[in-house]
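What follows is a set of structures to go through.
Okay, so subunit A shows up in both of these, paired with subunit B first and subunit C after.
This part shows the complex of A and B:
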């Protein structure tokens, strides 16, 4: 592989937030490291990325090399100091990491990154409740931080506080009304919460997600399951029941068509899929 | 290479545009010297100007880079939850990935009575 291809792959991962840590470290060691001088200014961005990835797969040798280059180039930088915090975390010296983060926060109170790092350290120690408290305090100051809202949602889900998690997801939806994944996620949270009203809301959000991205098969399954659930509920009015039934039949048809398109005319596989969907339906009605 | 071809077209168009402007200025000064009234530019200069404008536009469109889809949802369609839920600011490192590294030393805990 040519070094420029490796650079393009790494750049793509950096922009997409893909985590592929092991692959990233391998690319760096095998291809990019001897050619690093050719990267120009991007060199330091790549070094930071590789450093984080190396901590992620516990390659402390690679990480300390990167860290040395970076800290000799940018002494006194907050970003490099945060990498040092990551180093302490990778060594599981959480108390030292917390002290270092606190000193960085004192040095630059307006910087969001070290405050988020503090939450991550608490999470790594398994103190989810404290992490939630810290993150809520953070969000009172930095209200437009989407990453933080998403993380708070995940933390609430860890604690099974579905109502609060749904609130965080709604906040994210306000920021990104066009993102089908957030609609799908909110629908899933509502579906997990259960009950007739939540199931109905889940159905709506699954539909919206499918409308935004017709390739999203997960929301198609979501539409099928949630509308079947709504139709089976006792609180459901007859007109609504009819509508939900129609929707579930439609979704089932769409799913079948998608599989038919993907597999060609493979009737055996389709039959088994139909049987399994029937089981799914049965399970959702009995539960 | 394709991009150098389009770059050449752009420069050709720009050069031709400048040339047309220079010709127009020359025409005006010629009229002033000969004492004639200005009515309109000669048609060859106008045609040259228009053609070189389109040539430049064609070249610029091809070297400006990829166009983005105007609908907001299209770019998000290819995203998956895997990359969407991945938040670099909140990475934690005490996960099982550690055990896959070549330098990993498992901790030997004393078994005690169990």
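This part shows the complex of A and C:
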């Protein structure tokens, strides 16, 4: 491969925020490193990228080389300081990393990157509660940062705070009302929360997700389970019960058809699927 | 009337030296700005406000995907009567405005800022203009390659008061102004930045305007949220 091709590939990854760490480090070591002087100013961008990738795959030798070049070229730069934080993290010196991040934040309060880094360090240490606290402080200021909302949702799920996780998911939904995966996720959280009301909401969100993407089999299963659950609930009015029952039957039929299409006419497997779904249904109503 | 013939030395001694002076002054100004205006303008509160506005807009546009309870809780976050984000922002802002209005002229910091601004953006061009005026003031230095009306004489022939001169001759003072106003794009090419990028937000008037703009946006956004009638779109959103 010619070095300019490698450069173009790396540039594309950089622009798309694709990580591809292992391939990136390989490209760098095999092709681009001897020709680095030909890159001009882009050299430093590539170095930054390679440095992060090298930390990703624990190639500390590559990373420290990059870091040395960068820090001699740009002493006092915040971006380089963040790379140094990554280095400390890779060495598992979390306390030093935290101190360094704090000093960076103090230097430039308006920079979002070090604040997020801090959350990542706390998460790596397993201090989920503190990470949540930090991240919500961060989100009080940078409140349209979708990545951060998503991360907060994950963290809340780890702590089994489903109500709060649902709130984060709703925030994402506000910004991407046509993303079927976000609908599905919110429905799953609501389903996990349980209770008649939440189950009903989950059913509707599953339906919306399925409507947005009819190939989403997970939401189809979701429709089946949540509507069966709604139908089995004692709080359910009779008209709603009927509707939910219809919906669950319909969803089951759709799932069956999907399997039939995929597998050809293998009735035995389908029978067992139906049995399993019936069991699942039973379990969810008794629990 | 016979055609005027310009001395070819004018090209080197007037046009070239003028362009060079203007360019050097541009460079000087950029470095003066770097020297004087180091503080960052954007602060945390501004970021927060801008992002809050974006979030509120998303809520307005896509609030229908949320269930009613979630929508209301977000609406209250923005416009609760005493604790809402926008309410607090407005209250703070009016207070700030009163303070800043009364203290603008007393405050030495603001005054110094104003002086520095003038020093950087107004004084060098004036000095250069005076120099050009006294050195080359009464010279014709170039010619526009097309005919224009007599009304342009006052603009193009500043400093040269000859009644019978055709309007397409340009005097050196006017040439200086034309050069001066058109040189910003050239300096952007050479220096990679324009001084106006730095000056605009730092001047107190610009800051006040910016604040007013966000303030108005906050006000209208709050009103929009107040009157927005929420309806969950999913309730009748699915049919088999």
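One rule holds in what follows: the second predicted complex is superposed on the first by the 217 of 287 C-alpha atoms of A that agree within 3 Å, B and C clash if a C-alpha of one lies under 4 Å from a C-alpha of the other, contacts with A are read in each partner's own complex, and residues count from 1 in each chain.
By our rule, contacts are C-beta pairs under 8 Å (C-beta built on N, C-alpha and C of every residue); 3 or more make two chains touch, one makes a residue touch a chain.
Since the model is a prediction, treat every value here as computed from it, not as a measurement.
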item: Most subunit A residues touched (candidates subunit B, subunit C); value: B
item: Touched partner set for A:142, first subunit B, second subunit C, both or neither; value: second
item: Contacts of A:34 with subunit B and subunit C, given as first, second, both or neither; value: neither
item: First (subunit B), second (subunit C), both or neither touched by A:163; value: neither
item: Partner chain(s) touched by A:173 [first = subunit B, second = subunit C, both, neither]; value: second
item: First (subunit B), second (subunit C), both or neither touched by A:194; value: neither
item: Touching partner for A:61 - first (subunit B), second (subunit C), both, neither; value: first
item: Sites on subunit C touched by subunit A in the complex; value: 40, 42-44, 47-48, 51-52, 54-55, 58-59, 62-63, 65-67, 70, 234-235, 237-238, 240
item: For the subunit A and subunit B complex, residues of the former touching the latter; value: 16-19, 21-22, 52, 55-61, 86, 89-90, 92, 113, 116-117, 119-120, 123-124, 147-148, 150-151, 154, 178-181, 184-185, 212-213, 215
item: Residues of subunit A that touch subunit C when the two form their complex; value: 109-110, 140-145, 166-167, 170-171, 173-175, 177, 183, 201, 204-205, 207-208, 210-211, 246-247, 250
item: In the complex with subunit A, residue positions of subunit B that touch it; value: 72-73, 76-77, 79-94, 97-98, 100-104
